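All remarks here apply to the structure that follows.
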Amino acid sequence: MKKILEDYKKGKISLNEVLEQIKMLPYKDLDFAKIDTHRHLRKGFSETILCKGKTTEQIVKIFQNLLREKHNIIATKANKDIYLAVKKKIPDAIYHKQANMITLVQEKIPPNKGKILVITAGTSDIPIAEEAVVTAEIMGNSVEKCYDVGVAGIHRLFDIKDKIFDANVIIVIAGMEGALASIVGGLTSKPVIAVPTSVGYGASFNGIAPLLTMLNSCAEGVVVVNIDNGFGAGYFAGLINRK
Amino acid sequence: MKKILEDYKKGKISLNEVLEQIKMLPYKDLDFAKIDTHRHLRKGFSETILCKGKTTEQIVKIFQNLLREKHNIIATKANKDIYLAVKKKIPDAIYHKQANMITLVQEKIPPNKGKILVITAGTSDIPIAEEAVVTAEIMGNSVEKCYDVGVAGIHRLFDIKDKIFDANVIIVIAGMEGALASIVGGLTSKPVIAVPTSVGYGASFNGIAPLLTMLNSCAEGVVVVNIDNGFGAGYFAGLINRK
Amino acid sequence: MKKILEDYKKGKISLNEVLEQIKMLPYKDLDFAKIDTHRHLRKGFSETILCKGKTTEQIVKIFQNLLREKHNIIATKANKDIYLAVKKKIPDAIYHKQANMITLVQEKIPPNKGKILVITAGTSDIPIAEEAVVTAEIMGNSVEKCYDVGVAGIHRLFDIKDKIFDANVIIVIAGMEGALASIVGGLTSKPVIAVPTSVGYGASFNGIAPLLTMLNSCAEGVVVVNIDNGFGAGYFAGLINRK
Amino acid sequence: MKKILEDYKKGKISLNEVLEQIKMLPYKDLDFAKIDTHRHLRKGFSETILCKGKTTEQIVKIFQNLLREKHNIIATKANKDIYLAVKKKIPDAIYHKQANMITLVQEKIPPNKGKILVITAGTSDIPIAEEAVVTAEIMGNSVEKCYDVGVAGIHRLFDIKDKIFDANVIIVIAGMEGALASIVGGLTSKPVIAVPTSVGYGASFNGIAPLLTMLNSCAEGVVVVNIDNGFGAGYFAGLINRK
Amino acid sequence: MKKILEDYKKGKISLNEVLEQIKMLPYKDLDFAKIDTHRHLRKGFSETILCKGKTTEQIVKIFQNLLREKHNIIATKANKDIYLAVKKKIPDAIYHKQANMITLVQEKIPPNKGKILVITAGTSDIPIAEEAVVTAEIMGNSVEKCYDVGVAGIHRLFDIKDKIFDANVIIVIAGMEGALASIVGGLTSKPVIAVPTSVGYGASFNGIAPLLTMLNSCAEGVVVVNIDNGFGAGYFAGLINRK
Amino acid sequence: MKKILEDYKKGKISLNEVLEQIKMLPYKDLDFAKIDTHRHLRKGFSETILCKGKTTEQIVKIFQNLLREKHNIIATKANKDIYLAVKKKIPDAIYHKQANMITLVQEKIPPNKGKILVITAGTSDIPIAEEAVVTAEIMGNSVEKCYDVGVAGIHRLFDIKDKIFDANVIIVIAGMEGALASIVGGLTSKPVIAVPTSVGYGASFNGIAPLLTMLNSCAEGVVVVNIDNGFGAGYFAGLINRK
Amino acid sequence: MKKILEDYKKGKISLNEVLEQIKMLPYKDLDFAKIDTHRHLRKGFSETILCKGKTTEQIVKIFQNLLREKHNIIATKANKDIYLAVKKKIPDAIYHKQANMITLVQEKIPPNKGKILVITAGTSDIPIAEEAVVTAEIMGNSVEKCYDVGVAGIHRLFDIKDKIFDANVIIVIAGMEGALASIVGGLTSKPVIAVPTSVGYGASFNGIAPLLTMLNSCAEGVVVVNIDNGFGAGYFAGLINRK
Amino acid sequence: MKKILEDYKKGKISLNEVLEQIKMLPYKDLDFAKIDTHRHLRKGFSETILCKGKTTEQIVKIFQNLLREKHNIIATKANKDIYLAVKKKIPDAIYHKQANMITLVQEKIPPNKGKILVITAGTSDIPIAEEAVVTAEIMGNSVEKCYDVGVAGIHRLFDIKDKIFDANVIIVIAGMEGALASIVGGLTSKPVIAVPTSVGYGASFNGIAPLLTMLNSCAEGVVVVNIDNGFGAGYFAGLINRK
């Protein structure tokens, strides 16, 4: 902007040209869009693509558009077919099978010192957990995983006591009744991000049961994201681990 | 029946009289009603009165009718006013303030050896817990209480480890997220009866959250009764403690 | 532990080695894990695998891990394909087609004297009933089955009157409106475990209707497990039949 | 209409006057409104006033308007205060305390031969039952009542076997789990009208539990009306008893 | 029974034989089972098979069992494959494609005089309507059909005014918002049986929207059956048309 | 802006001062806030106060703040007490008792030619209807009211046929089953704004039933606002009547 | 009518013939059916076919019936197969792949001056948006589209500021949390029609989340249609754009 | 432990005494209880009392018990009466009227550098906001408040742009449709904690609408706590602001 104004003062550009530039300002130069771009730079990836509900064609196109900005890209809820279509155009894209994610690393994010611990109640929660792991790792975080630490055998949780005390942020992922989040929240003074999953049957109602459990957690320091939103948990953990 | 038939053969009673007797058979002599009366005798109280939804007048009248059968009587969800009305007619009736119950002991039930442990997650769950306690005790059970053993501080649960191992049946009463039932279920091999309570606010939805949590408990050996149904839990515990 | 300490006193092991052992104690020797192992021994099987939500690969692996502990193993909600994969590695595994279960008997549990009666309202409830039957039987229980004893023709229920009076524990399995549990609960003084099923259509809402019916049962002595949780009912019946 | 046309032919009225009459026809003479009036005459009362949601002032006014048509009038969900206000203007109005209804009989309906049986599961369902009774009786029906015939003690139901077989139409009113409707439906070949009530607590969810139970009734010949809609059941029973 | 007793008096049969007979009485001769059989005879078919949730094998077997009683048989929610399997064993079985039903007429029911009118709001409601039609017709009723008489163009309803006034019982079948039942109920003094269907999308929530609409109908004389329960409506219409 | 730039070119202000001005631009000079003020001017009132959830103190203060802008003010869901508190400070404020609204007219809006018709199904819907009426009138619209035109007697709707054809926009307000909106929508080609109300009982679930009915309306040209949101309907009607 | 009466006076037709004619009046000559036909003419298309729930055979038949009235026809929620079947009989029918619609233009509607703006929050909302676009365009409206203007990056919304101010009516289509409707409603004084979509996962519950968001919008001037009802929004926008 | 073992080696204590010590280890010396106390010390207050559901008597008693640990104490959802009872025993307790909280500061927490910004959508959300503010402040945080920054006038949000960019953590509190959280989340790269409130009416369903909106937020970096859980948000903000 400074240069434009100096050019204008020097007569290189007309008053109208400056006004035209200024009119564009709130949406191009100074506005939230810019901030938004800054934000992405700082965080290490430009935009996330939720594949669910989009055609493969649309996903590939969005991928290509984001490519130019030279940031890291991640796509969630992506199946193998989508990946193959993306790979054809962008050979460097990587598929994370367990996480159902596609990532493309275009810039290396400097590593964070704090550790993020990802705990799941069961084996079936792993896809959502991996979504959180991949997301947090691409943001430069060091992530530790402890899967299948269910409430049914609480000793399994005590076996990972040290990891719980070492972690800076803890993500707890659980379906069925989701009680694990409350228990971990009761054990630690670290922030706990709870992710309900749609794992279960009957009265788990595709994740409503663990969602309500987690929202009502009587342990302090527990917050919740959407059912099956491993990405959201990984992202938020990255945000608060960074500082 | 045999006698009737022999009388009939001997001509003491007519064919029509026999037929009339037979028609009554399924509903008078052999039927479940009789069994039902037996059942009550064996269990130590004739009938339970759920006061909610009944007028004080109706409650007093039902109380008086049951009086004649000489069994123990219990009334649940009863407030002080109801009690005072009952007391006027039946001076021996006792009010359990915390449990919101009225009881009348007319026969002493021989004590059970097994112990029933009643655990609550919070202080606010006590009225429902007391309902279970009073119910189980009038059935002749020895009951131990551990209140406010919440998940938020799981060490409080470990402090009562010995009581958990000593108990024959465990009743877990919890509102908010109800995770306590799963945890106790994961620690013990004893049958656990979970009672969700309407304690909480917001997304606990008057007990739906702990109800779903408990139904989805991934710990084996946990069954559930209706929200705030302390009586049902105490009764069932008495049933399975007896054997 | 005693031996460790004596060895330590005798100088066979160093102070540090003892401390290391002690640090492991709460999680290896004395802790709930041990209890947990004991519990399994007593009950006759080490762990149950809920196949729903797990990959076939994961299931086979868990099966193999549990194999070593020499206890009985059961897997629920398993289809034929999963069974075939398990069978390839563990030829002794048995598939229960109606129950959708895989079991492996590695130790014979001494039989229980009490009888468990499993009643279903309809023909469509049989898969869930069989899940309860197989579970209770592998725990050493004698199980009697009465299927299709619906409420629509209540005489069918009366035909099994004798079985109801003979049973020690009764499991009632019903979809649609689930009224059968209340009726059986009203007929017997035995504990009744009610299992709502997702059988039905329209306003049965995949099991919500029978679940609510059963939770609100005005018959005393009825407890409820999750929708379609035949395993949970069979297990709990086994627990309270044993004593 | 015939007379108008003949008058017109005779020249007593002009063409325009006839056209004006015809224009009014669909809404005054031939149309559904007329039918509607006929319907009311046949059924024995002009209109029903649902008091809930209306001001006392509005109710009194509607009552006065209906008065002129000389039919019977009924008002439902009316408390004592409303009644006193109505009585001041219409001294012949009668208050049915248990039913929370006000009625005014202005014409005697000839009695129906068929009997309507009204059964309730519990004592708390009586207000809704009385609403059905008062409604059916003012329509000229003979009504028999059997209250507190709950499922918990099914023998109580068998005691009224004869009444069930004598009835022409049966109304079953139940809160909590509402199983009574299915059982009565399974015993009889008569039409059963089921009324869920908001009686109960916890997971009865103000009548949702019995509503779902009744809608899913696996007994044939059961239909359902709105929660607490005793009037609707009484009215429908009157309709089908009449024929 | 009389004959047995007389034989006994004459010494033709022993006391024990009589006692054995009497023991069987409540379940064979006098009891509800008999009534039940009578009921079926009167109504024209022995039992209805809900195919949903049953295996083809089970359905064929039930069909064969019912065959012996020589009554009419109907199976609902049956697809073509089920029919072909049934037909192989029972060649006279007929498939009603639109109604998804299989019927077998073994006795001709004498026709009813009253007419049943079946109205649908849309074309998509026809399968459920046909289920009602086939059910009512096999019970000996004369059924008239008016399909696609939606609320969006209320004139279509007026075109069938005469049929509405001629009918003895009216079945209204509607998905989406289900308003048609209220309107028909407001036009006629005949009993209206409303069937909500799962037709629609979005906030119709698979039939919840029309179900609630119909339950709350402010028109008198409207009762409701389960979502998509054409059979139940046809059956109830047959019941009340008969008298 | 032009002036600033010219001043800058002339050297009257520094480069930094210009940059500072530009930074403020999107939020002060060009932004939506300004547009927003314009919008209010054009529509005839500055802001609406939803009283529900606010303290009387807060409401009075907001009223006083809005006063200065010289536009018309309306407050919804206001009881008498709130009004009296407002009146004390702003004597010209008017209370609309039926509508539970407070208004203050500070500028006269030029009248609209098109007519808005407000129809209610029942008498109990009047408070919400009046909310719509008062809102539309203060925006300068001519409003016609037809209350209690329920579906139960559809002829009442036909009596107002002419008003329906004369109206430019129609607001339909109904509780219970809410079918009226569909029927009016089927009769007219004018835009229909449907307002579900919380009037009713049982399965109307405080307005959920009519809300779903209206959302699923199979009549074209029907849109919906929140339950009991008479204001929203009146406002939207005003918006589209204006053009 | 006049002619009939004059003929009657002259004796050309009998009294009975006149009466017969008059009886037909409300449903043939004067009635809403006629009005209804007029309505369709005015709007530019005769009827809309919702394909969901109908067989291909039915759809083709309805299409052929509507053909004769020479109006424009649109079919929604149509897949390719349905289109191919329609095309075989009606070669001029056009398939809109993104919108899942079939249209047939038989008359050209004169264009509207006002512009309709269709905004979507995400790429996945496009099918519903296209449904609105095709519907509005066939009604003669000029439609502008802005897709993927999500809330996550609010600057994208500001980029289309000019289009928002130019539009006469705005349709906002959003799944997930649906916040976009509130924001657009807060920016503009134009009527906003909000369409929740079933796009999303977890706690979006197939569109319930955005539906509730939009119904509760605290921005004035926002109305809502059914989940995924792009057609309804396009149609309503056409209605209010026209005037 | 070391000392015990050395004492044991030296013969000062017996083997049994050592074993007894070790048995106590997991629950006394090393266990989580101790950690738990540490945690509280670090965070600046011992325990939070949720007053809802507790008797005044219980609350006062809990307060007195916590007093001894010399930490700060906070009680939430407390009304004036509770406060007066507490004050009688603990005169230093302070009542926060808007927040419905009682606090007692016994130790001064060193202030945090990062700023927490608390934003509300409406005036009615203030009590919940104040709950968050009081909680965060007692933990030593510097809190900035911006109330009534609703979505309806998005410019109000832009006016606080600077505060948004300055904050370290942002708490967004909104009822009705709760869209504000998504918008703030879209503007900032700071962690956003969203609190749905029960403010609103109709389809806001006591906070379900904003809860779903917030869970489905398509903006990254947004997490959610229970409805009306201002305390939980303030606490979590304090946790992540600290690091």
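Note that the chains take the letters A, B, C, D, E, F, G and H in the order they are written out, and that residue 1 is the start of every chain.
Heads up, the rule we're going with is that a residue touches a chain if its C-beta (ideal position, glycine included) is under 8 Å from a C-beta of that chain, and two chains touch if they have at least 3 such contacts.
Please read all numbers here as calculations on a predicted model, not as lab measurements.
Novice: On the document's contact criterion, could you list the chains that touch chain A and likewise touch chain D?
Specialist: The shared contacts of chain A and chain D, listed by label, come to B, C, F, G.
Novice: If I rank C-E and A-H by number of C-beta contact pairs, which comes first?
Specialist: Between C-E and A-H, the larger count of C-beta pairs in contact belongs to A-H.
Novice: How far is the middle of chain A from the middle of chain B, if each middle is the mean of its Cα atoms, in Å?
Specialist: So the centroids are 49 Å from each other.
Novice: Please compute the C-alpha centroid of chain B, do the same for chain D, then give the distance between them in whole Å.
Specialist: Taking the mean C-alpha position of each chain, the two centres sit 38 Å apart.
Novice: On a C-alpha centroid basis, what's the spacing between chain E and chain H, in Å?
Specialist: Here the centre of chain H sits 59 Å away from the centre of chain E.
Novice: Going through chain D residue by residue, note those that touch at least 2 other chains and give them in order.
Specialist: Residues 26, 31-32, 122, 153-154, 187, 200, 202-204, 208, 211, 215-216, 220, 226-227.
Novice: All pairs of touching chains, please: list them by chain label.
Specialist: Applying the touch rule to all chain pairs gives A-B, A-C, A-F, A-G, A-H, B-C, B-D, B-E, B-H, C-D, C-E, C-H, D-E, D-F, D-G, E-F, E-G, F-G, F-H, G-H.
Novice: Which residues of chain C touch chain H in the complex?
Specialist: Within the complex, chain C contacts chain H at residues 1-2, 5-6, 8-9, 15, 18-19, 22-23, 25-26, 30-31.
Novice: Please give the residue numbers of chain G that touch chain A in the complex, ascending.
Specialist: 122-124, 153-156, 158-159, 161, 175, 199-204
Novice: What residues of chain D sit close enough to touch chain F in their complex?
Specialist: Touch residues, chain D against chain F: 26-27, 31-33, 36, 50, 52-54, 58, 62, 77, 196, 198, 207-208, 211, 226-229.
Novice: What does chain D use to touch chain E in their complex?
Specialist: 32, 35, 38-39, 42-43, 48, 114, 165, 168, 187-191, 193, 211, 215-216, 220-227, 232, 235-236, 239-240, 243
Novice: Provide the residue numbers of chain H that touch chain G in the complex, in ascending order.
Specialist: 121-122, 150-154, 176-179, 182-183, 185-187, 200, 202-205, 208-210, 212-220
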